[in-house]
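Okay, so subunit A shows up in both of these, paired with subunit B first and subunit C after.
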Partner chain A sequence: MKIGERFSEKIFLLAATISVVATIAIFSFMILLGLPIISAGHLIDVLTGSWSPDHGVYGILPMIIGTLAISSLSLVFAFPLSLGCSILIAVLSSKRISLLVRKTVWFMTGIPTVVYGFVGVFLLVPIVRELFGGGSGMCILTAALLLAILISPTMILIFVDSFERVPRSYLMAVDALGGNRIQKLIHVILPCSWQGILTGLALALGRAMGDTMISLMVAGNAVALPRSVLDSTRTLTAHIGLIIAADFDSLEFKSLFVCGLVLYLFTSIMVIMIRRLDARAGSRVW
Partner chain B sequence: MVSRALEVVIIAFSRLCGLLLLGCVGTIVCYLLYKGMGAINLKLIFGDTAPLQALLLRRQVFDGLFPAIVGTVSLVLLALSFAVPVGIATGIYMAEYSQARCKRFFGFFFDVLASIPSIVVGLFGFSVAVFLHHHLSEQIYPCLLVSALSLAFLVLPYIVRTTQIALESIPMAIRQTAPALGATKLQNIFYVLIPGSLSSITSGLLLAAGRCVEDTAVIMLTGVVASAGVPKSIFGQFEALPFYIYTISSQYADSGELARGYGAAVILLIICPILFGMTFFIKNRFGRQAPYSI
Partner chain C sequence: MIEKFSEGRMVVFFFVVAGMFSMIHPATSMADALSPFKGESGTIKISGGTAHIPVMKEAAKRIMRFNPNIRITIAGGGSGVGIKQVGEGLVDIGNSGRKATDAEISKYSLHMLKWAIDGVGVVVHPQNPVKALSTKQLLDIYSGRISNWQALGGLDKPITVYTRDKSSGTRAVFWKKALAKGDITDKAHFVVSNGAMKAAISQDPNAIGYVSVGHIDESVASVALDGVVPTLETVKQGRYNVSRGLYSNTRGEPVGLAIKLLDYLLSPEGRQIVADKGFIPVK
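Up next, the complex of A and B:
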């Protein structure tokens, strides 16, 4: 019996180790395969150059800019929308409407990304093309609008959760002072849940940067540096998805791993930020 | 006076946001149903082949979704068969065995793993396959097995987290009963803790299955192709529903193909929310009725 106990603990530990090794393996594989570029001093060229394989230039700057442009613009659309919806769910509306909006949000978390992309291609792209005239309609704006719908549920659920964690006694104190629900919102709920709001923002930004299908399907995938939101662009994720070169020795293939590394670092920074925020929220005494 | 105006603005704004959100979802769903419902019939799935012949794998289906559906189902089952044992065992370790410091350390890695963009996981799977192809055996190339393994990496952190949280949220009184009666730690885990948190663990698994069904970026790099027929072995290439939708949207030959694309999108739109809906149902229905309630 004793042996079985110890043996099983070893098995559980082994499983946990496998999971951790997987994370490290992905990172080290990116480093290992991107290493030739880094050690040969091409890293700066790759990070700041433009992409033109015909001239042997494999810079990924346009994709970095594209990723940042699309994800930040989508956050600009999605943040007010999510804040409004979560205020509606948690503070303002009656139980029935609140439940309706909440259920819609849950439903949205289940809609596959590729379905959003599909609808985007056949519904949103023509609309943007008509409204803003000219071009293909596949541009930063279209992708950002669609991404905003994709990342809103994440934000709304976290915002609502943090609104509802505000201690009841605080809310009752406002009631006792004769404050109405808007005063409650502005003076108590929002100041108390700023950490939740930041966490939601960071998570949503991570999702927006990591998403592949929407930018691949509706952003147009042009490799030039975008000049306006109506320009077509290519994100880092779409760039990885579009390359089919499998020649390990080519610079083109190696530059993909720099893309992967940049994405990996971006999202890891988000994770560290979120964990910091969580730790703070946890240690705070109400 | 100012605050009164502010109140009106805030109320109007949040109602507008709510309407906008419902409007967007409504538009997306209605648009797809309107365009795709007409295409949904047996012909969409089996094409011109007799359904029974196709199901028994006697005849190939050429112009239907059948191979893509079989591909997606086998992909999900294979990926979960890798991820579930490791994920649940890891969750048990995290909740029951690890010390606080070790828990924080491991937890960080699971958070990072959960946040890695799926395309990066796909790139990892692809490059490992190509690497092995060059250095180990010519036989290895991106295939169903590589896709399933990469997907397993992708959903592993979800399974670990839900298992861990489910076990940790079992109340102390229940947790200590069996050991007080002389049960060992392992007996406690398998006879008390896991049965008590089965509903949460199951909903975590369904969530992971949903991720597997919808993910396109990983399989795009690791072996999915536009037409491969029903997968013959785990070392062969395969088709999948989400990838089918993606290919149709970028290159469709005629209106018939486009209609099939809409049909596939409707099917996927129905499957995924059902999986997610089941998780919420299980949580709400069974979550509070643990078998050993006090």
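Up next, the complex of A and C:
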């Protein structure tokens, strides 16, 4: 018994160490390989410039803008959808419908993004092109719509979870006061679960930023700075996917590590935000 | 990327089926060109140029039907990926739609085999009335100076320019020979393979792009450049000059199953596959 306990403790410690070391190693690896660009004083140029490898210009600003534009717009689409859906599951609908919707959402979390991308190319792209006239239909809007479908399940499940964590006594108090379900929702459930909602938003935003396949397939990957949601754009992840085949020694290839660092930074900010919210939620006494 | 995933999977699946099939019908008629594969077993991993894929798939299918103990996997990625992966020893054969550069050859001690000549043709959506362009017009379209089909006698629609990423051999040849290394507009859309280019053009009525002549079919319309339509014939006669070799590269001299596969591509049967898929076999 004792030996088994000590052994499993060692195993868990090892697993924890490996994951921490891996994370730090990846970060240092990217800094190390991005160093030629950083130390040559090109960092500002890379972060603020445009991309034109034929002219020796390796700026990633259009990709940073593209990533932010697509992921934030997808959040705008997905948030109301997810909020409505989670309210339906957790508060409004009957047990049977609730379970059905919940099962569907669970199922949706497992669909690979390449499937969404593929469907998007053949269904959504022509619709967007015809509806808005001009352009190719491969644009920020199309990618954001698809990403919204991708990130909604994550948000819905987290929202539902936080709605269900509202103490029963609170809900019973509303019932005792003669409040209806809508009043219960607006005055008790939503105010009690705002941290869960923010966590869901942050997690979904992180997922939207990290996705490669959808933007690579339906956003068109143009390197111009987008001026409207109907312009084609390229995200940081799609950019890495496209340039990865370049020569190892080229400046083009090395600029990818700056892309990686920026992405790493974005997701780190998301994770830190979630942590802080969770910590506050945990310390709260019901 | 789509092509990389789906084709890889489908190819493997197909070969399993083909392998089972061969147990019922031993392929005796093809025994001549395929006889070097008799009694062999092992794996050949191929990646790189996406123009090569139709030929590679057909050759692999026949080899594996003849001898189910051989497994051949084919992935895309583009010429740059092919050269890099074969150089790093990740695959046995790395395909490229351009000559490897001197730097690449010396770095990886590459051995190149050219087995076909292929044109790179400009294509548009089949419903687009514009079916001929001058080199000057093509340059203006790709640089973004002409941005509406009306200026070229087409409909009043904005032109969507499609291009490939820098690791593409198809792009390298098109950029050098058709665009004379001119600028490509930063509004151009990027796709990742010949297959993806064809899919994108066939979907978008305002599109213009370029694909390997071997990939041109009825889903897209080819555009005459300075009066010459890119076809197998015009490329062969040398009248259409945006053309290149299709290469298969190995690290050092090819050995084992890799050399047998390359020899098969050069055999009469292999050359027939090359011709059937829309390329010009090399003597």
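In the analysis below, the second predicted complex is superposed on the first by the 265 of 286 C-alpha atoms of A that agree within 3 Å, B and C clash if a C-alpha of one lies under 4 Å from a C-alpha of the other, contacts with A are read in each partner's own complex, and residues count from 1 in each chain.
The criterion applied here is as follows: a residue touches a chain if its C-beta (ideal position, glycine included) is under 8 Å from a C-beta of that chain, and two chains touch if they have at least 3 such contacts.
Bear in mind that the values here come from a model prediction, so they are computed numbers and not experimental data.
Subunit B and subunit C, once both complexes are superposed via subunit A, clash.
When the shared chain is aligned, subunit B comes close enough to touch A:L81, but subunit C does not.
Once chain A of one complex is fitted onto chain A of the other, the partner contacts of A:V271 are limited to subunit B, with no touch recorded for subunit C.
Number of subunit A residues touched is higher for B, counting subunit B against subunit C.
By the document's definition of touching, neither partner reaches A:G179: not subunit B, not subunit C.
By the touch criterion defined above, A:E5 reaches subunit B but does not reach subunit C. In the superposition on chain A, A:G49 contacts neither subunit B nor subunit C. In the superposed model, A:I240 lies in contact with subunit B only, and not with subunit C.
Residue contacts after overlaying the shared chain place A:S136 against subunit C, while subunit B stays out of touching range.
In the superposition on chain A, A:P36 makes contact with neither subunit B nor subunit C. Contact with subunit B, but none with subunit C, is seen for A:D211 once the two complexes are overlaid on the shared chain. After the shared chain A is superposed, the part of subunit B among 57-65, 75-83 or 165-173 that runs into subunit C is 57-65, by C-alpha clashes. Within subunit A, the residues touching subunit B in one complex and subunit C in the other are 114, 117-118, 121-122, 213, 216-217, 241, 246, 248. Across the complex, subunit A meets subunit C through its residues 50-54, 62, 114, 117-118, 121-122, 125-126, 129, 134-138, 213, 216-217, 220-224, 231-232, 234, 241-243, 245-248, 252. Touching subunit B in their complex are the following residues of subunit A: 1, 4-5, 8-9, 11-16, 18-20, 22-26, 29-30, 33, 80-85, 87-88, 92-93, 97, 100-101, 104-119, 121-123, 149, 152, 180, 182-183, 185-186, 206, 209-213, 216-217, 237, 240-241, 246, 248, 256-257, 260, 263-264, 267-268, 270-271, 274-275.
Within the complex formed with subunit A, the residues of subunit C that make contact are 1-2, 5, 77-78, 80-81, 84, 157-158, 160, 165-167, 181, 183-192, 199-200, 203-204, 206-207.
Across the complex, subunit B meets subunit A through its residues 3, 6-7, 10-11, 13-18, 20-22, 24-25, 27-28, 31-32, 35, 85-87, 89-90, 92-94, 96-98, 106, 108-113, 115-124, 126-128, 130-131, 134, 153, 156-157, 160, 184-186, 210, 213-214, 216-217, 220-221, 242, 245-246, 248-250, 261, 265, 268-269, 272-273, 275-277, 280.
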